[in-house]
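The structure that follows is given in the form of structure tokens.
Should a chain be cited, it is by its letter among A, B, C, D, E and F, assigned in written order, with residues numbered from 1 in that chain.
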């Protein structure tokens, strides 16, 4: 099996306590340790900042974006950035959150053909603009998004999630980070069947 | 549920006999009718040419490309062309042929990170060149491919499969062709579980 | 003189009867055998499917696209795909059909500057979108085309012709298919002079 | 007939003497007045600088580039810039200089498939780099060109001709400059036939 | 004067203590508060993660990249991303670190023409690849970088700094973050003159 | 110090009289000889045409574009073409003409974020279109520009300045033309300080 990273991957026991504790907590909740936790642990200081940023954007109760919509942004932009880890791992989370087994593949391949709402389509149109040509953002983007009910802080959320996972995509592409096998199937079949 | 095509989809009973017979045969073998057979049947003459071309490239015993490798070409180039139908449908076939539940997602997202052989990597590098900038093809491509054991007819196969599915991708994108739900899961779990 | 293909070109006498018959018929009508008939005959099964597809799209009486307009689509998209064979051969046919000696060069180089109707300009704008970024096709394209009197089946025709010649362009680029010398001049001067 | 420019085109009698004299001289030599002389005469000062630059690059006896090769550069780069006027007008001159009725179309559509020498292929590869991404020029380009016998002043010539016609292409595209009908056929048939 | 952000900018007195303390410390050291500290403070949790990541990559003593080289990476990639804030602010820091008043403009406009070492040129070539097409990264990149003495952790540093400032560029472009006027001149003239 | 050009740079005393006289006049006015005058003097005939064209576009009293606006066009398009010489040299002139020390960096990096008028924004939008995709220019561009008060001759000016400096950018990139050190600081600080 391919290594999970081109870089040395530390063993759990050799990690600083805070990293190990969070990793064990994730393992308990998810049933396995997503490889990003181990691959990035090669650099504990960066790991901590990465997780703090992740939590600030995804673990919060403000704004109108649902948890599923945030994952849609991640999957769509990671598809454009051709990041295997993020498309597969966040595709799994997206399926679980939305309880729709098909939506992740649709959004990753071509969000224009995905079975999502017009509001979500506009959200992803903007996310792709942030991803590919953020220097062209101007007031016209806000106008288009407000027409779908997004406010300025929602716009910040869309852009910041896109920007943060653009960072994540580049790290995953550089380290050749390998998605856990478990992610590929997660959310595609009723829970009973996969266990 | 979204329609399978923006165009009228004929009913089986209204189709010319040869179309209906083939469709029924596919249904018997696969367990359902892949939507491409119905969506393209809006134009029977084109349908016949399409299927004849398909068979000439994929149902044959000459050349060194395995059936799985031909599907890899389809999945990788359909990913670049962002064709939902072909990535999902041929991703399923690729999983089934290769008996590898992960390979289709890997090839669709970024073949450079897929768990394939160096020969397959070279095959897909060339397929993407045919897909994206065929006008730059020259002798250097043949040299690179021959170094991996491909002969001139294999090179024709790689290019022709890419070219034919470039046609297919554009038709699917134009008609907004919807992949059958069954494809998304096919080849991901042991057979017993999906039935 | 450069070979007409990088691949072996069969002699007429060695071809299956159906290929030879059609080729002789074309020769009788046109005065020479267009090289595509010989170059693709390296693979008879693909040849048959190719010609069947070609005829299904170009030899038919339905739809509002004129024969000249179908050739415009071929020439404009082959120009974008930088396919020498198709620009030269179909440029000749376009000149003959339209009886306009300048239109093929105009459409091949930049259709926006060609002396064509606004309806034809819109038709070619859409053809180029199908050619270059078919994944972005959506309802707005149909709206723009319907404003010029195109119906849904015309839209299918524009897209399918573009898609089929995208296949043809890639095959011609891969085989380094050489246009017959005769095509370069055809339709540029009154008939009497070229014989 | 379409106007030769979106801008007012002065009449010969209203032009400054030096412009009119050169235009009459060209007319006497060529048999007609190429539209660029009239379209750019809307701005006499720019006209003079344009013609002086043109002559400095094309009417000179130094360097190893033949007159035909200089026209090849113009045709290939004008093709990339999609400039109707320059492809058609300089395509004609290229055919006349090289006495090859096919070469202009080949170079304009895809120089990689043109029947030219490897040295000319390298020359055009570099011209396209100057045209499309001059910021990436570095010492490796000179090495590749010197291998084909080009010296530093030839390299300047290739780059300067490309750069000057990049200016010309943009002016022609902006003014919608119309090529004279005569150019389309020039050099395609033996002289006797066209008169 | 243009606002420093499209979003509300909190006043120092309204900020959480940890943000205010760091901001006051920067102000004391630099003589002014760089706008990024205020603009991002609209979201304190994200601010903290951003600064922690920044420090993990830029305030450290491991690896062979000098502080000036890290700023070169930021300036070159921010130039490609067309981020006004980062080019101007980090251009200033680059000039100060390198004590070279010209280097920032050179690196921002075209690093191939900058007066830097071949090792730095290779470093920036890789940074731009991470910035623009990280999915194409493979072993060949490591080989090229190791030839200049970079080890695997240097490669991680180059990639991670590029990735992090890609995030920063997108945030700055989205918020229309305004660089402080002071940055434009900093490091261009001997210190005495600017005070 | 890096040479000012990859090509031999003639000494003033060896130049034709007209070149030397103009160069001395510029030196007297500016305080130094901008390197473009020396680097291009390698080819006196081209030098003369270049300067004549330059003067025809920039030293004139017709049209509504201010001298500063013409320099904005040069800086913005040279930024897109990644031409170090022109961004630095004309950035200096732009600062001097506009008496705004920040505007040149803003326009070079991203004119959409520059502190310029909406009319100037529209002017630069069009200039970038001429620079990057002049073949797409059509009547819609004139409509947009006229809405900001530009007339047809202003449009010619914007396009011609863009086109001419596209030529200049390519020459500078090919010769690796080095901007004079003086330009980097010019216009950034009150005059007294720089002398």
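In this section, contacts are C-beta pairs under 8 Å (C-beta built on N, C-alpha and C of every residue); 3 or more make two chains touch, one makes a residue touch a chain.
Computed from a predicted model, the values in this text were never measured in an experiment.
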{"item": "Common touching chains of chain E and chain B", "value": "A, D"}
{"item": "Target chain F, source chain B, minimum contact steps", "value": "2"}
{"item": "Whole-Å separation of chain centres (CA-atom averages), chain D against chain E", "value": "45"}
{"item": "Cα-centroid distance, chain A relative to chain E, in whole angstrom", "value": "25"}
{"item": "Shared interface positions of chain F, touching two or more other chains", "value": "82-83, 110, 113, 135, 173"}
{"item": "Chain-to-chain touches, reported pairwise for every pair that qualifies", "value": "A-B, A-C, A-E, A-F, B-C, B-D, B-E, C-D, C-F, D-E, D-F, E-F"}
{"item": "Complex interface listing, chain A residues touching chain E", "value": "6-7, 42-43, 45-46, 48-50, 52-53, 55-57, 60, 81-83, 130-131, 134-135, 137, 152, 155-156, 159-160, 162-164, 166-171, 173-175"}
{"item": "Complex interface listing, chain E residues touching chain D", "value": "110, 112-113"}
{"item": "Of chain E, residues touching chain B in the complex", "value": "135-136, 138"}
{"item": "Residues of chain C defined as touching chain D within the complex", "value": "2, 79, 82-84, 87-88, 101-102, 105-106, 108-110, 113-115, 173, 176, 181, 184-185, 188-189, 193"}
